[in-house]
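In the two complexes that follow, subunit A is the common piece, with subunit B as its partner first and subunit C second.
Presenting the complex of A and B:
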């Protein structure tokens, strides 16, 4: 019940949208009525466009994000615990971090073409550093006494890294992953809008170009909902993983 | 003279822990290096309970970390059972003031960790973990996380974790310093009870004079800046006597040690002794 009340403003917004469009307070080209958008969404679902484009988008997002988490976390922990890696890599991280990753869209296309590869690479590059920085800060904050305890119980350095430093880094690293998750959706859709033959971004772009604005809105809303759902699911997973923190 | 020295060498059991002329320079990330320990020598016998007593900043914890192998001994030598200490090892278990439990592991998981690292077979280690949970009175809390336990329970879990993998030497770094007075008193007698059941060599760092006298067979009083061992006092009392705290000899021993420590505490505060 509380949840329903919490999302009440969303319902009010939907009603306002429908009414504004129905009574033509705004141009229906700019804002088709919500009911039309929903009808268009059902059509898109029926003819399979939404599903096929959606699957290819999700594949790109999760492949890129998965790689970013794997490489980013490893890099952050190695940088925190091995000085040469830190000396070598931290200037690169500092330089690359503020770069707007969408600037790399044309670059990744030149390298890997119009297909999945360039999108995955872009998302990987864009999502890696928040994870790296989270893992780095988390690993650096691991308590000396925990490290020593593990060592005195017979853990060698590598074992200690895995058993103490990685879990110590987990809370901050998971925060970085959350940022990366949001970034992955942004980069996915923007790269597909610019150069792609498939995907949510491509669908939004081509529907808009054809003037099927109700269908275009339907895809935009789908992406918004998926982004929101992914974040919620992620929060639940995080909460479970960090249950020990109370 | 030489003959006498030889005779005493033969008679005394070889010390289990030998600290021989150890100095240690503490180098903070910023600022000047501080001489934390200066030419400290100490011998600890097998199954002896010795306390390192002194004001904060006297280097008593540093000495403990050196024996633990967590810090490298740069000058002088530390030997355990005749072997130079080259790093941490499961022959020397440690208990820290702030427990240092793995917060992401349950009570059971924490205690199992050392046993896993020792390669104990699963069934055996599960049973041993439960035995030690019972020994420290944590039955019923096997699956609780440290964050769900009180300070006293956390420290009992930490003690169980260290005892479970059966180190010959127990290094304790102000283990009851973070507990309230009532809990501290209970934990002290509990430690003695456990120690009598599973006798080990214990090096116990504290700044609490009464605690040192009550628990230890000998108390090494340390001086501050640079840290040195000022004197070593025998403090053997009947630990099974519940009223030992009130015995005249005990009270006098506490007073004697108080006087020794007071000067050092004043010095550590930058006050010149009157």
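Presenting the complex of A and C:
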């Protein structure tokens, strides 16, 4: 019941949408009624268009994000742990971090063409640095007392890295991953809107070009919902992962 | 990020007079900062010239610089940069003003909070860039729609940061102000907003790069002038030198914006104990 009251404004917006479109307060091409959008969504689902494009989009997002987490986290921890790496890499990180990642879209296309490769590369490049910075800050701030006691108990450097530094870098790194997750969806959709032959962004673009706006709205809402759901699922997982901290 | 930038060379050598030591220290710091960037650019130039990649895949850095130079000479560079900045910064200003106002309203009135809270919590993690075609459908492909999509994307961090910041203002501050007879408006302008400003600034620092990202995407998709549009035009004509020049230009603009923002923060919050570097700079 509490949840219903909490999310009531969203429901009200949905009803307002439906009414505004039904009574033609706004043009129905610009805003098809919500019920039509839902019908179009079911049609898309039945066609299999939504599923096949969605799967290829999700594959790109998660392949890119997975690579970014793997490489980014390693890089961040190495930078925190080994000074020469820090001296060499941190100017580059500082230079590339503020780069608006969407600028890389045409370049990844030049390198890897119109298919999966260019999107995965884009998402990888775009999502890596938030993870790196999270891991770096986390590993740097790992408590000296913990490091000392591990050392006094006879842990060697590598063991200490794995048993002390990595776990204490975890919370901040996971925060970085959350940023990366949101970024991956943004980059995915924008690159697919601009150049692609399949995927959510492509589907949105082609439906819009055909003038089937109700279906376009259906896909847009699906993508938005997936991004939201991914974030919520991620939060649940991190809470589990970090349960030991409490 | 603050800590990434602090590369502290070993202690200044002893025995030297302090000034010379400081100079050596500074030179070493500057050298380490520039070293890997120079290395990267050199590697780019050498790789491009060696013929490992075709000219289309990787034009030499010198050619890209030349291209930027000729763009600057003909004035295109300035027009495009100014247009992109105009869109991004107008939208950013709208986000800053309305984001803070909505955030304040949410923390002051239960009704505003009831209405906006679910919208923020659902809307924040959404990839709102997906609404770009919808915005085009409504508002066309000119500046209004570009600015609108940027606002839609960049206002959420500002609102969220404002709400959290105001929640985090110490109760004691508010109580003592009340005790000394502050009315609501004074309380807001003299106590709550200043106390909340560090976190609001953090929200703005997230929103600024975001508005540039979205500005570039919107320009790429809608075409026309602007840094993103110019890149897309170059890419359509398979002019990869133009594409790489675009990246360098956008990177420089992004870097400057972030740095200026960090500078403003340090200026504005000079009274605050945190006045070290912010996390996003």
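Here, the second predicted complex is superposed on the first by the 246 of 246 C-alpha atoms of A that agree within 3 Å, B and C clash if a C-alpha of one lies under 4 Å from a C-alpha of the other, contacts with A are read in each partner's own complex, and residues count from 1 in each chain.
Rule of thumb we're sticking to: contacts are C-beta pairs under 8 Å (C-beta built on N, C-alpha and C of every residue); 3 or more make two chains touch, one makes a residue touch a chain.
Just so we're clear, the structure is a prediction, and the values are computed from it rather than from any experiment.
Novice: Fit or clash for subunit B plus subunit C once both are placed on subunit A?
Specialist: Result for subunit B and subunit C: fit.
Novice: After lining up the shared chain so the two structures overlap, which partner does A:106 touch, if you call subunit B first and subunit C second: first, second, both or neither?
Specialist: second
Novice: Looking at subunit A, does subunit C or subunit B touch more of its residues?
Specialist: Counted on subunit A, the partner with more touching residues turns out to be C.
Novice: Per the contact definition in the header, classify A:159: touching subunit B only (first), subunit C only (second), both, or neither.
Specialist: The first partner, subunit B, only.
Novice: Under the stated touch criterion, which partner chain does A:148 make contact with: subunit B (first), subunit C (second), both, or neither?
Specialist: first
Novice: Tell me which partner A:40 touches in the superposition: subunit B (first), subunit C (second), both or neither.
Specialist: A:40: touches no partner chain.
Novice: Just checking: does A:193 make contact with subunit B only, subunit C only, both, or neither of them? Give me first, second, both or neither.
Specialist: Second partner only, subunit C.
Novice: Once the structures are superposed on A, label A:167 by its partner contacts, choosing first (subunit B), second (subunit C), both or neither.
Specialist: First partner only.
Novice: For A:244 in the superposed arrangement: first (subunit B), second (subunit C), both or neither?
Specialist: After superposing on A, A:244 lies in contact with subunit B but is clear of subunit C.
Novice: State whether A:180 touches subunit B only (first), subunit C only (second), both chains, or neither.
Specialist: neither
Novice: Once the two complexes are aligned on their shared chain, state how close subunit B comes to subunit C by Cα atoms, in whole Å.
Specialist: 8
Novice: Using the touch definition up top, name the residues of subunit A that touch subunit B in the complex.
Specialist: It is residues 143, 145-146, 148-155, 159, 163-164, 167, 170, 243-246 of subunit A that touch subunit B.
Novice: Which residues, counting only subunit A, touch subunit C once they are in their complex?
Specialist: Those residues of subunit A that touch subunit C are 6-10, 13, 29-30, 79, 86-107, 109-111, 133, 136-137, 140, 182, 185-186, 188-190, 193-194, 200-201, 204-205, 208, 213, 216-217, 220, 223-225, 227-228, 230-232.
Novice: Give every residue of subunit B touching subunit A within the complex, in rising order.
Specialist: Interface residues on the subunit B side: 65, 68-70, 87-90, 92-94, 96, 98, 100, 102-105, 113-114, 117-118, 145-148, 161, 165, 167.
Novice: Quick check: in the complex, which residue numbers of subunit C touch subunit A?
Specialist: By the definition above, subunit C touches subunit A via 1, 3-5, 7, 32-37, 40, 56-57, 114-119, 122, 125-134, 136-138, 209, 212-217, 220-221, 227-228, 231-232, 234-235, 240, 243-244, 246-247, 250-251, 254-255, 257-259.
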